[in-house]
Each structure stands twice: as C-alpha cells, then as structure tokens.
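Common to both upcoming complexes is chain A, partnered first by chain B, then by chain C.
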Partner chain A sequence: MADSAGTAQLTAAAPATPTLRRSVTPWGSFSWGYSDVGADIFVGLGLVLGAAAGASNVAFLFAGVVYVCVGLAYTELAAAYPVAGGGQYFVMRGLGDIFGFIAGWAVLLDFTIDITLFAWSCIDYLSKLLPILAFTIHPWTHFWTVLLLIVGLATLNFIGVRESSAFNEVVSGLDIASETAILFFGFVFAFRPELLIHTMHTSWPTPFNLMNGVSLAIISFVGLESISQAAQETQRPASVIPRTSISLILTILIFALSYSNLALGMQPAHALPLDAHGHEQQLWAFLGNEDNNGASVQVLASLVPYYGALAALYVPVLGAILLLISSNSGVFGSSRIAYAMSQARLLPSLFRSVHPKFRTPAVSIAIFCGFAILELIFAALPSISPGSKDVYARLFRGEDGITFLGDLYAFGAAASYSFVFLALISLRLNDPAVPRKFKMPFNIPFTYRGARVEFPLVAVVGFLGIFSILFFVMLTHVIGRIAGPSWIVLGIFGYLAYRRYKGYPMFRSRPHDWRNQQTKILQEAGELELMDEYLSNLKAVDEQRAKAGSA
Partner chain B sequence: MRNVVRSEGYARTRVGIGAAAAVLGAITLYRTIASVGLKLEALPAYVLGLALIALGVVRWREFRAARKPS
Partner chain C sequence: MTPGDSQPHLIGLLLGLFVVVAIASTVYWMLHPPTTVAERAARETERDIEDIVGSIIVVFSSDIHSEHMMALAARLAQKERAQLLAAYIIEVPLTLPVGAEMEVERRAALGVLATAEAIARQRNVEIETEVIPARQVSQGVLDLAKKRDAHLIVVGAYREGKYSGAPLGRAIEQIAANAACDVIIGVQGHKGKILAQKSPSMPKVNVEEVTY
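And now, the complex of A and B:
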C-alpha cells in the first residue's frame, strides 16, 4: 500500500527531463543477466577445453568460485545502490572518481567486446547449419553478417529496452529448458565418473596451460554486471535483485561445471572421428579442436544419448539466438554505463543525452556500437586481408579473431571486478548506514570510526581470486597484456583532459552529496521503507561517531 | 510472457525443475562416490552435485516463501 502511494507521488512529480524508465520485471532482470552470462559457456567451453585439457573442470571450478564471490558482491551492491552505473558507480562511491572511471572504462571495454564477440559466435553457431557463413571458408560473408547484426542490435536498443527485454525473457526460458534436458540425458545415461578421473590423470595440462585455461574460463562467467545495469530500470530493485542474482549465480555455475565434467567424463553416443594423424581422440580433445571449439556446446549436445539427435537440430539455432541476446546485452550495458558515468561527470555530457521519444541513451548506443565495429575489423583483419597476417603474427603471436576478442574480454572483466571488491570493502567501512537487504556471508563485526561495521571476508577471497586471474591473463595472453592496458591508459588521458577542460579536480573527487543522492535513489526505486531505514541509520551513525569523537 | 511467469503453474514448474535438479545432484554425488570414492580429483563433480542440490533447495524455499500468506 505504502508502495503504491509512493509510486503515485513519484509519478505525479515526474521530472521534466527524460530519464530511464523502470520497465524491467523480476523475470526480465534474471533474463538480462542470464542472456548475458548464460551465453558465455557457448563461447568459453571449447576455448577452455583446448587450453586446460584434462583440468578444464578444475579451471571452471576455480573461475566459478571467483564468479560466486563476484556475484555475491554485485548482488549486495546492486541491491543497496540500484543505479545504472553498476560496478563503476560502486567503485566511484567507494574509492573516488578516478578509480570509478578506470573501473567503468574497463567495463566499457568488456561490453563493447561483448557486442562483437557474441555477434561473432552467433554466426559461428549458425554456420553449423549454413556453411556459407563459416568464418574459415567465407571470411567476408562472416564479417558482413556480424557487422549487420551489430547495426541491427544498435537500432533495436535505440527504439527501447522494453522490446528487447521481452525478447530476452522468452529465449532465456527456452535455453534453460534445453540445457537442463541436455545435461539430464548426459549425466543420467552417459556420465562415467571413473572416465572423468582417468581423463584428468592422463590429460593434465602444464601449469602455463592451466593458467591459460583459468583465464579463459572467467569468460564463461562475465555478465552479472547486466543485473546491476538493469537495477535502475527494475521495479523494487532491493527485493528483486538478490532473488534473481542468487538463482542466476547457481544456474550459471551448474551449467559451467556440468558441461566441463561431461566433456571429460562422458561416453559419447557415437564413435568420434579419428584425428588428423589417424589416431583415436578423446571427447575433450574433439570438442576443443579448431573445427569444433567455436560451437562446442552444439557438438557435445549432439553426442548425448537419446536426446542428441534432436539437440543437434535445434541447439545451433537456440545457441545463436542466445548469443545474439548476449550481444544485445553488450549494447544495453555499454550505453547505460556511459550514461551513468556521464551523469557522474566522468564522461562528457554527450553520453547522457536521452532520446526524447524513446527515452534511451541514443548517442552512447551509437558510439559504443562504433567501438564494437572497430574491434570487429581488428579481429577479422588477418582473415579478410591476408597481408596483415604477418603483422599479427609478429606483434600478437598470431592471435586474431575470436582469440583476440576473448583475451580482451578476460582482461576487462578481471580488471573491473578487482576494483569492485575493493569498493565493497571500502563501502562497508565508510557507508554503514545504507540498508543492505542482502549481505555477503562470513563477516567480522568491529567498530570503525565510532560506528559498528562488518568486514566482508568473502570480498577478500574474491579479490585474491580475481587478481590472480588478472595476473594469469597478463601472463598468458599477448593481446590482453598489450591492448588491455593501452585501452585503460588512453582512457585515463581522455578523462584527465576532460576534467581539466571542465575545471573539475583531476585526481581527486568532485564533492558528492552521497546522502541526498542515496535518499533520492531509494525514493525513485520505490523502496520507501528502505529510505526511512536509511535516514534513521544515518542519525544513529552520526550520533555514534559524534560520541566517539568527543570521547 | 509476463502473465505466465506470475502464474501458479509457472511457480509449480520451477519448483518441479528444482526438485529434478536436486535428484540429479544426489545421483551425481552417489555415482561419483560409489565409483571413485572420495578423491581430490573428483572435487568438481562433488561441487556440481552439491550445487544441483542447493538449486533445488533454493527453488523450494522460494516457492514456500511465495505461498506464505502476507
């Protein structure tokens, strides 16, 4: 009742300037997250199997544990601060403007890569049914199709979130049902635990390859950012976000572990073809080779007993649609982050202009889709222009195409998540008054500057985990080592130039009235009870700190 | 779509799939322990089994919370 009254008041006092509308439902919020993270396994499985061989499930487990920590951190922060900025906003509040910019800029890299990588993989899956789209045989057709997809998604997002959200919801539901069926038949009829152990013993990789595998496995878990991106457009976010996030974390973890364990321990329904040297090959090697690693989920599904024949027919289409939606999440996410960063004066005002009719950040959509197209050209260049192959071989050890995109994707994710953990710790200590409807487990309570706070142990574990993955990325990927830091450094130069031009502090933060802003955020989200709780917490914390100061 | 996800049937389907996940998790755990015992190498398989059971429990708790009269 209080909610509807509050909503009515907010509607009556609707601001004159256009803002993002709250049209994403709980299922829509889950779908945004699922369509982004859920599609990752379609790209990641083959790459990880190719790198980590018999330890692929360990690579997924390591990255999965880190992902659970990241997921819990995002759940807590997005429920407490339901704004479109996501990680960038949390870092800015916790660590200051410049770190907020760096985190946001790294996430923007990830989202622009997301647009290209998943549009690319979408066409790879479709090429299993339409060989004319195969990248290795018709690189120009592949290139133009991916380009058209990106332009199409940009147009869809320009029109508005509601249309694409409904699309996500239907396909996410279909994909979850399909993947559950594949895994059910696989585990019940073909999984052999003794074969799993045998494969792990006989095909254990070198430490370098295992680190490479772990750094690629994190690709399969990137995208929880989408839920916090959608937080500003979700109804009752403080209640909805924790519910959808926990389900999402578990679902994605289960799918990643299931596929990797099946790939190592499944007895295929049909005999596998011999390898190039005429030798028998194991399932993981078959899935991770160059012919199949782009569509490994489809190949694995086709080898599941009883259900495989049916799965072989529809998984390429369903996979392609899910990957397309994930690409769409990249368009959505990048434009929303840029919008939020611009509102915080981390990016120029151009990025916060909202289309008066559709109420979408149209300029941001155009700019970041432009970046995505540049990345596409860079990734596809060695194939469509053979002359540049030598340059890539000399500079990037020949990494191009999907590997190039994967490297940068892993770098951006690991870099931004590292800052998010630090921000979470900082906010727990410095902003204890904000009501947290969901808290990461395992906390140590103590008194900090006169107020009772809780130190999050899981955030420390998560930080160490994601930082080690960042280290693995830098160690094992040439592109990640060169292009990733270059993106960050160029961004910092641009940021400093903008701040100087505007007369804002360059290295310090602008003055922020976080208290008023938080009250407004909760009010606009319709979380009126939480707003009251926040105001009374503020009073109590101020009194505690004043008492501690006078003592 | 929105009407479907708000319906009683959808909630029952979700809890049903959750129960199936929990059963599959229990089968995975049982078969892994029965065939290879408790080995460090089988850790990912144990975690998978436990995660499936956890998903079933989460779905069941959500279902019960939704049915509780406010």
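And now, the complex of A and C:
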C-alpha cells in the first residue's frame, strides 16, 4: 500500500492537463498492430521465396524465433511502461538519451520505408485486377501511381483525416478470416508433404542466399511496436497489452510459417506458365519472381483449389486495403514518434509544432513523406531509367526496387530491436521496482546493487538472433550496408548538433524523474493496483539498497 | 501428381484444422483478458442491480410527484425487462370510511397515472396502474409493496426548506425506514429538475378545475 512518501508522489503525479482518452479496446489494440504487421507477409513472402528458395520455411522459422523474442520483450516493456513512444522510450529509459535517439531514428527509417514499401505493394496487388498498373510492364505508371498514393496519404494526414479505427478493426477481422480460409483450403486440398520435402531437397539455397532470405524474412514480422505506441490510449494496458501482443505474435507466426510451407509443398490448381527460358517452374519460383513477388499472397491464393476462384476476386482488394492502411500507419507513426522524440528533447521542437489550422504535425508529415518519396525514386530508378539500371547492376548487384526497400526495412527493424533487448536487460537490473504484469520466461534471479533482480535469458537469445539478422542484412545487401548505417550516422550528427545548440548534455542524458513519471503513467493508465505495488516496491528496494550500502 | 489433383492428404487436413483452431483460440483468448478489482466490483454491482429491479413500484400521491422518477424507472424497466407498477395513493381522512368515494382526488389520480402510462408507452414498457385508498400514504405503499413482492420502490421528494424532523416529508421517511425492499428517493436539488411540479413540460391536472 502507498506510504506517506508514496502518497506525496501520487499527489505530485496527479494529472493537471487533459490526457489521451483510453478508448482502445483489446480488439482495437490487436487490429492496430495487425494492420501494421499483418500486411508484412503480403510483401515478405515473395521476397523470401525469391531469395531462400527451398529453405524459405527455415528462413521464416529463424526470423520467427527472433520475432517471438522481440515480441515478448515488447510485451513486457509495453505492459510495464504503457506510454506513447514505444521502443524509443524504452531504450531512452534503459540506456540513456543518445541510445534512445538512435533506436527512435532507426524506427523512423522503418516508418518512412513503411510508407513507400506498402504503397508500392498496394499497387502491385491492385495490378492483379488492373494490369495497367503492373510494375514490370508499365514502370512509369506504377511509379506515378505510388507517388500519388504517398502524396495523397500525406495530404490526408496533413489536413487531419485518418481512417476510422472501426474500419481498421473490420479490415483486420476480414483479413484474418480470409487468410485462415486460404491456408485451410490450401492445406486440405493442395498440400503434399512429399512435395515439400522434395522442394526443400532439390532447391536448398546457398548459405549466402539463406542469410539473404533470413534477413528479408524479418520484414514479415515488423510493426509489433504499433501496439506499444498505442499503449497510452489502450484500456487497462498492463492487462490488455500482453494478451494482444502475444496473440499478434502467434497469429503472424502461424501465418508466416503456414504460408512458407504451403508455398513449398502446394500442388497448384492450375498449371503454371513456363519461365523465360521455356522451362516448367516450381510454385515457389513463380511466387518469388519479379512479376509476382510484390503480390505473392494473392497469386498463391488464386492457385488454391476451389477457394482460389473466389480468392482471386477479393484478395487483391483486401490485400491492397490492408497495405494501404499499413502505409498510412507509416505516415502517422513517423509523426507520432518524431513528436515523442521531440518532447524528450531528442529532436528539435520543429517536430512537435502543430499546424495552426489543421492541428496536425504538418512539418513532421512533410519531412518524413519527403524521405519516403526519395526512397521511392531510388527504388524505382533502375526500372524507369535504363541508364541507371547498369549503374545499379555494377554497384548494388542489380537489386530490384522492392528488394531495396525490404533491405532498409530489415535494417531499421534489426537496429532498433537490438537496442530494445539491451534496454530490457538494463531496466530489469536498474528498475526492478516497476511491476511487470508480464515477464519474459527463463530468468536468473540474483542480487544487484542490493536489490533482488532477474536476468532475462530470452533477451540475450533475442539479442543474438536479431544482431545476427542485422549482420546478415549488412553482409548480403549492398544498399542496406551503405544506406542504413548512413541514415544512423547522419542522424547522430544532427542529434549532437541539436543538443550542443540547446546546451543539453551531448552524450549523457538530461535529468529525468523516472519515479514520478512511472507513478503518473500507471495512474493515468487506470492501473491503480499496479501503482500501489510500484510504490510499495520502491520503498522495499530503497530499504534493501540502504541496508546493503550501510553493510 | 498433376495440377488440379485435389484429393485431401491426411497431413494437409490436420495442418488445415490446426491453423483454424489455433487462430480461433488465439483470438478468443485475447478477447478475454483478466479483470481488475474495479471491474469485478462493477460486475457484481450490475448483478445486484438486476436482482433489485425485478419489480418496480413508482409511487404518486397528492404530495408525492414522481413523474421524472417515473421516466427514469421506465428506462430502467426497459433495459432490465422489469415489471412496472405506477400507484397513486389517495389519503383518506379519518373522518371518512376507507371506502368513501373521493371523486376529485380520484380524477386527479387518473390524470397522473395517465401521464405515467404515456411515459412508459414512450419506452415500450408494459405498465400497470392502480389507485389505492389508504389512511396513510406510507402504509398504503408498504402494504402494496408487500402484496406485489416488489423489489424496488421509486418516489420523488422535495427537500424541506428547514429542518422539521423529516426533511423529505414524513410519508417518504416512513417508507424509507420501513420498506422491506430497496427504495430510490429522487430528491430535488435547489436548482434541480427531478420533480414534475416545477417542470413546464409536464402537464398537470388542476384538481380545482375538474368538473363532473
């Protein structure tokens, strides 16, 4: 129970200004994350099949294990610290301001890629109904359509129009039902275990291609942090977020592993077209080629017996809507993160300025959509300009546009997740008083600076996993090796210049009253029992440390 | 094996079923998070309220104006499917036998109960009405509640200007003190609107103008 000191903290933490209304329900929280992560498999499946061939399921399994660790880390942190900001906030709190900036800056890279990659893939899906939009046949039309889509989303967010959350929830529900149906019919009527074994045996990739596949597979699992970013608006976040996060982890994992195994072991309902050399091609190769890798789920669905005829009609539309929502989440996600980072004095105040008429973070939207358009131009250049194709072939091993976007997406995710694992370990050691309604399993208890703490083994496994994926990205993707670190280094220079200009510590952190802030967070979250537990834990930890100090 | 060969394979069938069951159970588990102390308390209170509102009596008399409380009771009855009874108690003076004809009071009672019926009709709630002569309003209400096995009595009350030992009026205080079931008393604040008499929108029957 709260003691007098705790009561004083509680009083000090009483909210003086109106705060975000907690209106996001469990399904709302889930669909918030699903509309971001759920769209990833629509993009990732084709890319991974193209790279990892007969070992695509293994690539997804490796990335999936890492993703489970990432998911568990986010679940623990978002339930313990239910604030807007997500990974950037956890890292700032666990490792300090500069690392918080790097993690947030990497997430911002992901969000700008998110805008372009999903707008690109959205048009790819629509092109299955409207062939005039096909990237390989009409690259200029494809480019202009994606560009217009990005500008349109930026404008809508600029004037303050957002898709209704109810619409988001309905689309997520429909998509889960649809994907479950595709997989069910696919497994029941077209899956052949012997074909799966045969494909894995005959089309096993080289180690380099397998690493390439693993590095691309991680993009099928990016976006879980959307749930933690919405934590501040979620009802009873400490109880609800662990459920929605774990459900999201399981749902996406089931889909990714099922799709990859189905793609390797499915007997298509119709004969596939011959490849460019006139040879028969296997399903995985067909899904992973440049014509289909942007819309592989739709192509696979259309080849499922019985259900495929129906799926061919609606999956392009449903996929396009989900991808559009995901692209839009990149627009408002980047401005939200930039706003939170600016509030924490990690970015200039420019990023939290609000348009006087529309009351939206117009500058952030313009800047990050501008970056997204630059990425689009860079990705589309080899297709729309034959001259640059040779340059790309020489410098970047001829990677296509969507693979370039996938590289950077994987880089940003792997970089920020690496820091999140380190932050989790640091917070376990340095902030043991915070009640953790959900904890990663497999912990080693010991005494650290006089207080009982638990060391998370899964965080170490997760860190090694995600760091290896970061290594794979750097090793296998020429553009990712150059563009990703360049983004981080330029960001750090900008951060140091801003902190110096403002007179803030450049490498150290500004003083933070984390205790009062945590009390306020739990109070505003409506987690009063956890708040009592926190205040009581604080007292106990202080006593333990005082006793250890005097001894 | 050729394209179009779509005979189900046992492993495929099992995998298909696994996907459906796993997704369905995951979503079900997610939508049922553990409850907090506050939510459990709220749920128990809701259950108690459901028991309370099985049968509701709304009380009227010449001194008790419960039209606004009637509207609240009708909403409650509509939501909880409770039985609703509007009762007008005519206080018969000791100088008259209990069965004496009191036409003026009876006409006023019918007018008030007609309003009560109209309020209930607006909510599509079935309502019974009854005019009950009694020596004392409080005794009439308590007897009726016992006879009908009521779960809730609803009355409207004015706050007395100064303390007189029974600031809500003796009849209401006696009902509250002696009722076996729960009692909701709508007490009008100084600027409140809970009683009909001061509300311009509520038609009133002027007993003096009633003609026979």
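Here is the rule we go by: the second predicted complex is superposed on the first by the 496 of 551 C-alpha atoms of A that agree within 3 Å, B and C clash if a C-alpha of one lies under 4 Å from a C-alpha of the other, contacts with A are read in each partner's own complex, and residues count from 1 in each chain.
Please note the rule applied: a contact is a pair of C-beta atoms (placed from the backbone, for glycine too) under 8 Å apart; a residue touches a chain by one contact, two chains touch by 3 or more.
Only a predicted model underlies this, so the values are computations on that prediction, with no experimental measurement involved.
Engineer: Would you mind checking whether chain B and chain C clash or fit side by side on chain A after the superposition?
Structural biologist: In the arrangement built by aligning on chain A, the partners chain C and chain B clash.
Engineer: Contact-wise, after the overlay, does A:His270 reach chain B, chain C, both or neither (first, second, both, neither)?
Structural biologist: A:His270 sits against chain C, while chain B stays out of touch.
Engineer: First (chain B), second (chain C), both or neither: which does A:Val58 touch?
Structural biologist: Touch partner of A:Val58: chain B, not chain C.
Engineer: Which of the two partners, first being chain B and second being chain C, lies in contact with A:Met200: first, second, both, or neither?
Structural biologist: After superposing on A, A:Met200 lies in contact with chain B but is clear of chain C.
Engineer: Does the superposition put A:Phe185 against chain B (first), chain C (second), both, or neither?
Structural biologist: It touches chain C, and chain B stays clear.
Engineer: Regarding the shared-chain residue A:Thr251, is it in contact with chain B (first), chain C (second), both, or neither?
Structural biologist: Both: A:Thr251 reaches chain B and chain C.
Engineer: If we overlay the two complexes on their shared chain A, which of chain B and chain C does A:Val240 touch? Say first, second, both or neither.
Structural biologist: After superposing on A, A:Val240 lies in contact with chain C but is clear of chain B.
Engineer: Check the residue A:Ser260 against both partner chains and state whether it touches chain B (first), chain C (second), both, or neither.
Structural biologist: After superposition on chain A, A:Ser260 lies in contact with chain B alone.
Engineer: Using the superposition on chain A described above, determine whether A:Asn292 touches chain B (first), chain C (second), both, or neither.
Structural biologist: A:Asn292 sits against neither chain B nor chain C.
Engineer: Of the residues on chain A, which ones does chain B touch that chain C also touches?
Structural biologist: 26-27, 180, 183-184, 187-188, 191-193, 243, 246-247, 250-251, 254, 258, 261
Engineer: Using the touch rule from the top, collect the residues of chain B that touch chain A in their complex.
Structural biologist: For chain B paired with chain A, touching residues are 1-2, 5, 17, 20-21, 24, 27-28, 31-32, 35-36, 39, 41-45, 47-48, 51-52, 54-55, 58, 62.
Engineer: Note which residues of chain A are touching chain B in the complex, please.
Structural biologist: 25-27, 57-58, 60-61, 64, 166, 169-170, 180, 183-184, 187-188, 191-194, 196-197, 200-201, 243, 246-247, 250-251, 253-254, 257-258, 260-261, 265
Engineer: So in the complex, the part of chain C that touches chain A is made up of which residues?
Structural biologist: Where chain C meets chain A, its residues are 1, 3-9, 11-13, 15-17, 19-20, 22-23, 26-27, 29-31, 33-34, 36-38.
Engineer: Flag every residue of chain A that touches chain C in the complex, lowest number first.
Structural biologist: Interface residues on the chain A side: 26-27, 30, 176, 180, 183-193, 195, 236, 239-240, 243-244, 246-247, 250-251, 254, 258, 261, 267-272, 305-306, 526-529.
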